[in-house]
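The structure is given below, and queries will be raised subsequently.
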């Protein structure tokens, strides 16, 4: 089983602890991005996985690739060239103060990539699964086309395709997102999203839901999933359910809908260390467990437990093993010391 | 609108994280003090504000002034001379372990200042508001006199005056505080305090309240405010209401009484990053919103939201903008990431 | 009153904050071990205490001894020689992710110590109390014998003996533990344990308890204590009661049984900074307060409050004074700043 | 006396100590740029100075402005808008390993600024001196035009103009630099450069010099200065003379030529803490001392001493006072502790 | 061209900066060991290289392997099992205070490895070069045998073999070293050492040399190399020449002898950041350049320049590229900033 | 042999690395003072030593005492009370930028101590040596008297007395110093100073010396020593000889004069890590070696080597053992790694 993920990876700069931007001079420099995060998760689960992107020829990009390689992610199909790596600045929120993201991703190498940078037939050799997020086609018109080509070849070569909708309003308008994504979705097997994404990109929403309120509405989620399946014939739709009480405290669960039945996971009450990459770790957990042939319920529980753990780990990447996820499922998260 | 604040600013030395004093060698050196904190808050809200104090001629004081200037606080009326800057050591508490403050503020330049150090007519030029706390007159007999003179001139020149009672038992006895403060209060328009202050300084308390218990008693607070207005003819009295469950977890709200009606704010459940300066940030929020002509309820909500945010920020200073405070009022503090 | 404690002290290496092992290069190097932790607690309570162990002749061990000496712990009976100091790596858990301990303690100087390393008659001169944990006899057959000898001489010389069962499955099997410990227990006056220890070492458990569930069963604990007293004629049995909701949030209380009556302490809801050494700080609190002649209830409250505070302090050692423990008992842990 | 400087300011990201890029996760985030560095130097010398640039509307730029304001630099004419702030990554060299700079400055707000962003007549009100470097016109064709306009108005309004040639080969070719700079130079009074700049931009070089060899050739420098004066009628030309023995050890001195006579400064043997900004601190020292009416020799000594001190200070900015520079001139740099 | 290196890799724990052991709590945790360092150097030069060792099954070892993998070193032949990873504590010296190493490497997995842990025919598939140091056979009698077997198979399969003598007096006596190494040497093609090693292991020394004096004796080095070639029929002998003036300042050069002629390299005056791994980086440079078919003089210059750079880099590993080494050879180390 | 030292100990606050004051928020908090530094040195040499001072009752002072106790210094005669602990801020210089000290030591507990705080007969029980510096009597008139009393009793009880002149111009005028010190000197056996001290306090200087020039004048130093012996009948006079080339680079040696002959030590070229406490470590080395009965030349070499090492260690305290000093004397400081 080999998975290929495709998208942008950025340098992430975070003040230490709960400092505001430049409250002191110290920053933590790590790397991350939706599809790279999925790749690292899968590598940490022991899976073969390749990450495809375009990065410039400079020491910052080298460091990024070296770290991915350290996790065991294959990076031999990364195109090199272009001007720069995207950057995002993250200020960690606390209590009633929300986290803040400042993007500096325009003109990145990947956003200026062209068709000839990627030889999909070569890249997909030996692969069974292709994963991307709604960020990739949003980066440029060329990338929308490249993604479309990749999907076509992926389907042709028999790969399963998953997509995390991941709508980013700073990258494109809802109209543009709807137009582009609607062309890509018919080639997608597994759609991952949260309620906001479905609403933002496709205008699909349930009756009476209130995203900001933090109150879950099970029926509403099933409704959204059904509408998505009706529209794009997805084989499965997974929706993550975040109930945000504060920047530190969230409840976290998810739903998986297979066109017939909706499965709801255990809900975790999280005291958050770092929530960026939480959704990506869910996606990775789901891809892993579906590849392993787990049942819908078990696959969902694995994905939710994996992403619950992600919230306790600094940085975008989910640094957990399959054993740790399974122990969490068994223990229920009581947090006793493991000696 | 220009505000002038007057008082002591100290060097604050804090071990990193939740370390006890000198558990390791690292300390974080910042600056703060009741009136300086109010000035920084106002500058961060975009207001014109001057901070008045006396500081020695040395690189520590230069650094302090440079930081204030960086926030946009005017420091051109800071008197220079004297022996030293006050210092306080702060050990951050956690859970059932309370924070600990060790003061080393005796003999500071401001506590040995004399009348001639401050030309209030000059300082107040173009100003509409004067703010001080009960710490300033407690620092020395001379400072009590200087504060008295400042108030007289402020009233003469038509400034609104606010005072945060801020009783510090290590600086003076309750009797001395009552005697001195009672002379100053008649010139104060807006009185800010917590229940303990009113009781410590003026012996004013409600029937049946229990400060340590952490249980709020709305009627009691109204009673205290009424008594204060009766005694000193304040135009408004604001009382902050802290319910302390542990060093990490507090509920935070406030009351504003305008002589006729008492307004109670929304209550925030805070997971605390740093609570020092919480009261000061409330005062600044109230001064700002009253200056902007907000209604009593709106002014109070702004002040409480601003100070709720302060509890999530390291150091004495409230590093938040008006936008951030207003976003909190709107969102209610669910802490979703702002991308 | 002088106490002697005997056991292993290790170098502890912890990533900073909530980092996973080697997520970055920084580690915090401190020292700790069950009996050393008890010694430091007692020294911080102002008591005379000696710690006995064996350490190699190298700068790491020197640093360890210098730190103990800084707390006022006597280290003049520490044997020197052997190959190495034991090490343990601790990764701090958060929320649903448990803390992780990797031991590297084999071949340590203490585990290869021999009878002639310790002259117990000399060591016990002027002492009234001897404390050890179930880790010490688990380290080697020789140490089991040395502990036996120490106990014999302690009883001969009239010392009170306390033992914290502290079962470590990586050091010995339950069968071996039962065999060795059963020989030592008749010389023990005060037995300290948690429910798991009693079950693991002696197969003593209450009916219907579920340790993982985190739900307390008062009757069950009394049953366990009674069985222990029945079996080994302990004068007192203390059981710590940890209810683990997550790696960050635990409830913490304890029970003391004197052969006739069971006393239950106040329960503390802890937001944890560092829970390693929590049990040791309870033991130290109990030893201290029993030595001071406190009543059973008061002794228990002191021990629980002391160990509640430990959970708020980085490192193995409980860096609190008697005053701080007593203030916590009085205040109930509301965490107000102490100015 | 008021000076205006105009150019780019960037976020600078540096690994801690002598770490290579991303050897660990920690980075130090500061700000700097040729003209901003000059402005900060002058502010630290107690002079009135304004820095003009264009910066985006985001918290990173706010932090940058707040720091400049903390030094006392006026930032009220900074245009706001555009996409991003330029960034440069700096890896500090040691011994035989050179420092490494990775630029990520394309598409910065200043490089996309237009004529209407700056109202030079307003900006120059009350000013006597205008300073820029060869980096500013290199950033874009528009900026070359804007610089030209600024110079015209500066001359019209009677300001003295200084320019540091500062050739950057990654920004433009030598041919382009020569073409653009040749149009600007006739309006410049004081030209600051090193030997490489004169050669790179104008093809002016002395006979027999060897920049890499690190051996000084006094006659050659005079020859270069004379040619520059002949070509552009500068009133003065200053050339900094760096002899680089290793990344840690440089000799540092300078020459000032007034069209008639060449003055050479004392030479400092530097053990370098951070050499970035060394040339800028020389420029600032020269501007300051010429403004103060110092003699050519004294002005040069001040500038060289000021920049010698810069090499001992972390970050781009020269954090030294006039007193400190003068003490260095007096003491000759023996480095005795100042108690 | 593929190289295989075989030996121990240890966890290295270093206080920050120039702190003495445990002067504060912070330690830097990295990994290193003679043969691993060579492997990382070669990977950084872009070469295919595999490192062979034995490591325990725990998160510390995982981190170690992940870092090696990040550099591109193949770790698929690393045996897993045993008790522990070796550790060494390094205190960095300064000026007249020498660096200090405390080893805690006994009982490591590699030192308890057995023949069946390594399938050399499999490991050497596709390889042309095998490298080990004198540390490997010193770790245990079994390892001496394993090394012997590895060498036999390497020769059989046509690999070139290099050995760095690397005598460690804490691992074995000179007599034992001589006995074991004398059996291995006939299978070695390239012998790398410093003057002390040749003397310690084989009693080979030149007349009149004085290692401690720091004065080079070219003839003496040639004499030593000749004697080594005479005794073991090495094809080449390389000797590194360190002249130590202080813990910070060393001169560094080397000699290569090909049985006929001795080549001496340029000498670098180093201001040291971290000298551990200096010799290993020389070995790697030599292996690389000989594999590339460089002339003796060029190979030697490359190796010396590579290792000169190592002295400027924190940690055991030489984090430099071929380009950087070649730039140093060209520039001679003047340390100008690379923009 | 037991030594008693008497003086002030202060909290020392230092920015990290070569940062200027408050360039960032991080400070390193350690403790030190002339006589405390001598006490720690002696304890590190394995000697019995007591440090006498007065400290306030607060956690800062507790930490200070705990650290001294960790080194093995007896602190049972430290008086407790008063307002505060003295503080000094130290900014580390580099190259041509000198270190900077800002004192905040007025009103410290020791400077307000009175005669009854110290029972010298009790303190000196079992002691043979008393050491103080010229700082102690400079702190207040009372301290001058207390020092006088201490000296009288010391002589009465047969202790050898040593004094380091240590003139501090911020504490007293040269006239006052001369007056007070002249009364104390007749009771001193060993006088330690540098050339500046002798000149500042007693107006004793050699002909033609130039302290700032950094050039040694052996005859001049002998002349100064002779004049001191003539005036006060010291048994021995030791003069430290610092040649300061920059804040990083000093040469360091010393002279010992026994009334008949002058001995000059080896000279060390130091690359400085932290030079504060250099003189104190010399004093301690001399006291130690004279107590051990070393010859004048050997005692001097030991003292100079010990203090050379001090310059390589962060903080005021000299953290070296007798072995390390002796190894330096043997090796001459070539700085080879000690494995």
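Should a chain be cited, it is by its letter among A, B, C, D, E and F, assigned in written order, with residues numbered from 1 in that chain.
The rule is simple: a residue touches a chain if its C-beta (ideal position, glycine included) is under 8 Å from a C-beta of that chain, and two chains touch if they have at least 3 such contacts.
On a predicted model such as this, the values are computed, not experimentally measured, just so you know.
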Overlap of the subunit C and subunit D neighbour lists contains A, B, E, F
Taking each chain's centre as the mean of its CA atoms, the one lying farthest from the centre of subunit A is chain F
Top of the farthest list for subunit E, CA-centroid basis, is B
Expressed in whole Å, how far the mean CA point of subunit E lies from that of subunit F is 44
Residue ranges of subunit E touching at least 2 other chains are 17, 20, 25-26, 66-67, 100
Among line, ring, star, complete and other, the chain touch graph is complete
Contacts from subunit D onto subunit C in the complex sit at residues 24-26
Note: in the complex, subunit E contacts subunit F through residues 17-20, 23, 93-101, 103, 168-170, 212, 214, 244-250, 275-276
Contacts from subunit E onto subunit C in the complex sit at residues 13, 20-22, 25-30, 58-60, 62-64, 66-67, 83-85, 87, 89, 91, 100, 102, 104, 106-107
As the complex stands, subunit D meets subunit B at residues 66-67, 69-72
Counting only contacts in the complex, subunit F reaches subunit E at residues 17, 268-273, 305, 308-309, 311-315, 319-320, 324, 327-328, 331, 333-339
